[in-house]
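What follows is a pair of complexes built around chain A, which joins chain B in one and chain C in the other.
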Partner chain A sequence: MIATMETLNDLDAPTKSAVIDLLYRLADDAIIIGHRGSEWTGFAPILEEDIAFSSMAQDDMGHALTFYQMLHELGEPDPDTNVFGRKLEQWKCASLVSLCSKRDWAKSLVRKYFYDVAESLRLESLAQGSLVPLAQLARKLSSEKKYHLMHGHMWMPRLGQGTDESHQLMQDAVDTLYPHALGMFESTGADDLLDQAGIFLREDELRKRWVAAVDKVLGESSLKINAKASPVYGGRSGKHPDDLATLLDGMQLVYKLDPSAKW
Partner chain B sequence: MSSTDESKKAGGKSRPRSKRLRTIWQSLETITDPEIPVINIVEMGMINDVRIDDEHVTVDMTPTFAGCPALDFIRNEIRVAVSAFEKDVKVNVVFDPPWSTDRITEPARKKLKAFGLAPPTAGDCGAGQESMENIPCPLCDSTNTSLESIFGPTLCRSIHYCNECLQSFEFFKTVR
Partner chain C sequence: MVIAIDPELNQLSKEECERRLETFEGRIARGDKVEPTDWMPQEYRNQLIRLIHVHANSEICGALPEGKWIPHAPSFKRKMALLAKVQDEVGHAQLLYRAAETLGASREQMIEDLISGKSKFSNVFHYPADIWTDVAIIAWLIDGAAIVNQMMMSDGSYGPYSRALKRICYEEAFHLKHGYEMVVTIAQGTKMQREMLQDSLDRWWPPIMMFHGPADKVSKHTSMLVQWGVKLKTNDEQRQQFLRQFVPKMLDLGLKIPDPNLRLDKETGDWLYTEPDWDEFKRVINGGGPVSGDRVATRKLAHEEGRWVREALSAAAANQPIPMPTMTV
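Let's look at the complex of A and B:
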């Protein structure tokens, strides 16, 4: 029988560290995918998608903020300091979200879809978990996330089965991004503790669920995966592609010039 | 002294008996979401609880969308409004119970419609694209409408087109 923890104060020291590790992964993935989404503001191929990517970016950054606020309650730096003051190797996001989209809309769409399926499964797991404040938050965020998933479910078959060109662009995106998507489920030292405390599913279990959900939709979209693809790991332990360094240089520029600057 | 039981209901429908609490609730009813100026935050269901003791007031508010840019603005508006007659005001942001569009009161739904914004539906909107088709047009009530875009000018709205009166309109997306 797993005990329910009504507040963050109910966490013992090792479980608290595991929750902090988990929250950093969730928060960093969300803010970086949000930042990548915002890069389409003003540039998406059609107006509706400009609005969609901008809105989803706003949601994802809002979700990230709630995770950073919870981290702050657990004794970590305040959200602004955490996002604008942290060094590259301290970030815990997966390479999937770090990669620069290079104005490739098919890749951005597939990346966002891969992330949203994973994020929905994580929120679902947290919502059923034993850490009450996090379960409550996850239920709230799920109610917004469903619209992101709907967006992905609409576009995957539409472009996968559209023209030869759209199909090829989507297939290239899947080929490039699938190994990075699998990398989202890189196991960390927190897996066992979170599982034992009933807070969050193990990463390998989440990965199984993600693969099943994504395979189904890719199949319906006439897109194929390379079953032998091996995951790109490293993000969870601070090893990132150069693209993330470039992103952080831009995002943290003002803060580095003057940490006390008021917006 | 607490109004917990009385005010847990959506939209703070049941009114607390204490005069002091009533004054606080009334002041909250003067605050609107800057993106939807026709309905106030109490009708919107954004106030989960108001608690008072001898010196302190605690207002629990819950965000409509986690990334809503108006959140800090509204939080500050609450502080300013209640501080007009209370010395010590604390505004908490809480997620229990989470906000859902079911909490928008009936009079507020009518105001949304009059504003030209289709009110949220009772169905499981968001389950799939089909669930966002045939949203009743706020202008002519026809359900012969099509989804144009899942996302709109604010996080809470989608864009639709009425095939009957040939107008585009926005829908307050169902969230629960």
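Let's look at the complex of A and C:
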């Protein structure tokens, strides 16, 4: 029987560390995918999609903010200091979200879809978990996330089956990004503790569910995944592609002029 | 630009044309809205398409100087607010292109005309946003100047444009708050921040003073637009309203307005100012501004690189309705 924890204060020290590790992964993925999404604002292939991508980017940033706020409640720095003042090696996001996809709509769309399926599964697991504040938060965020998934589900078959060119670009994007998507499920030292405390599913279980969901939708979109692909790991332990360093330099540019200033 | 030809117009007798024009002008005088299926003089249609097209272009090009700073916004609050604001501007472009479509212009053609440099966009978006504080000045003063113009135009005679503008003004009011709050925060900040803000104002002031268009004595479009209830105030009247609304607030914040001749005429309540350089204005809106070429090139690149997506969507729609895959998560 797993005990329900009504507040964050109910966490014992090791479980609290595991929750902090988990929240950083969730928050860092969400802010970086949101940032990547906002790179399309004013530049998307059609105006309606410009608006949709901007809107989803705001949701993702908003989700990140709520995770950082919870981290702050657990004794970590406030959200702005955490995002705008943190060094590259302290970030825990997966390489999937770190990769630059500017001017590559196929990669941006496939990446967002891969992320949204994973995020939905994570929120579903948290919503059923034993840590009440996180379960409540996850239920709230899920209600927005379902629209992101609908967006992905709308696009995959249209571009997967639209023209020969769109099919090829989408297949290339899937081939490039799939190993990075598997890297989202990199196991960390927190896996066992979170599972035993009934807070969150193990990463290998989430990965199984993610592969099944994605495989089905891509199949219906005439796109194939490479079942033998090896995951790209490292993000969860602070090893990142150069693209993330470039992103952070830009994101922290104004803040670093004077970290004590209010803008 | 593609202009819908009113097929009836050319087949009407002179008397019938005059009769219709009289009815049309009578309706406008009574404050009726003109709707897409109503008869309207070809010149009214042409002028509206020109205006709405330039307005839509301005929204979409206006997304670029601010959009450039979304990745660099220095806090969660600013990042999300700026993203939401720029998203609104793109949304306004979409609303406006749709309003122009009701007059017979096509969106694809309007975008082609923008990226080929055939159609214009607002003078202010031909200038670069070089530093973060430019974003604050743009959101406060350019959106402020735009609201003066758009509130006035939203009472105009063409129904679809008027309704689009009502909604746009509603959103612009939030932008103004966002801009003002940024300016106030920075104006109360460190010496470096205040210097950055003043630098932004110094560079943006001349283009902002040109925003409402040439002085009445040289503006060629104004009189007919006023007569047909499209434009209810002249350029100079709008400029004056903007100055009355914003100059006192700027002075309160300790900003120095870079015009030695700016002063209040106590008798009329008007602000007197140095006449803007209208030669610069003409040169800029005709593509000779500091970043005119970059703006058009960016829109062109976005349009061309997105072509495969639009083609795939058309193909998908033409083949068969594609059902959404079953959602399993």
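Criterion: the second predicted complex is superposed on the first by the 263 of 263 C-alpha atoms of A that agree within 3 Å, B and C clash if a C-alpha of one lies under 4 Å from a C-alpha of the other, contacts with A are read in each partner's own complex, and residues count from 1 in each chain.
FYI, a contact is a pair of C-beta atoms (placed from the backbone, for glycine too) under 8 Å apart; a residue touches a chain by one contact, two chains touch by 3 or more.
From a predicted model like this one, the values you see are computed outputs, not experimental measurements.
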item	value
Partner chain(s) touched by A:E186 [first = chain B, second = chain C, both, neither]	neither
First, second, both or neither for A:H153, with chain B first and chain C second	both
Partner chain(s) touched by A:M61 [first = chain B, second = chain C, both, neither]	both
More chain A residues in contact - chain B or chain C	C
Contacts of A:E203 with chain B and chain C, given as first, second, both or neither	neither
First (chain B), second (chain C), both or neither touched by A:D29	neither
Chain B and chain C contact sites that coincide on chain A, given as residue numbers	48, 51, 54-55, 58, 61-62, 65, 150, 153-154
Residue ranges of chain A in contact with chain C within the complex	35, 38-39, 41-51, 54-55, 57-58, 61-62, 65, 68, 79-80, 83-84, 103, 105, 117, 120-121, 124, 149-150, 153-154, 156-159, 161-163, 165-166, 169, 209, 212-213, 216-217, 220-221, 247, 250-251, 253-255, 257-258, 261-263
Chain A partner contacts - residues on chain B that touch it in the complex	65-69, 95-96, 98-100, 126-129, 132, 148-153, 155, 159, 173, 175-176
Residues of chain A defined as touching chain B within the complex	48, 51-52, 54-56, 58-63, 65-66, 133, 136-137, 139-141, 143-144, 146-147, 150-151, 153-154
Of chain C, residues touching chain A in the complex	60, 63-64, 67, 70-76, 78-80, 83-84, 86-87, 89-91, 93-94, 97, 132, 182, 185-186, 189-190, 192-193, 298, 301-302, 305-313, 315-316, 319, 322-329
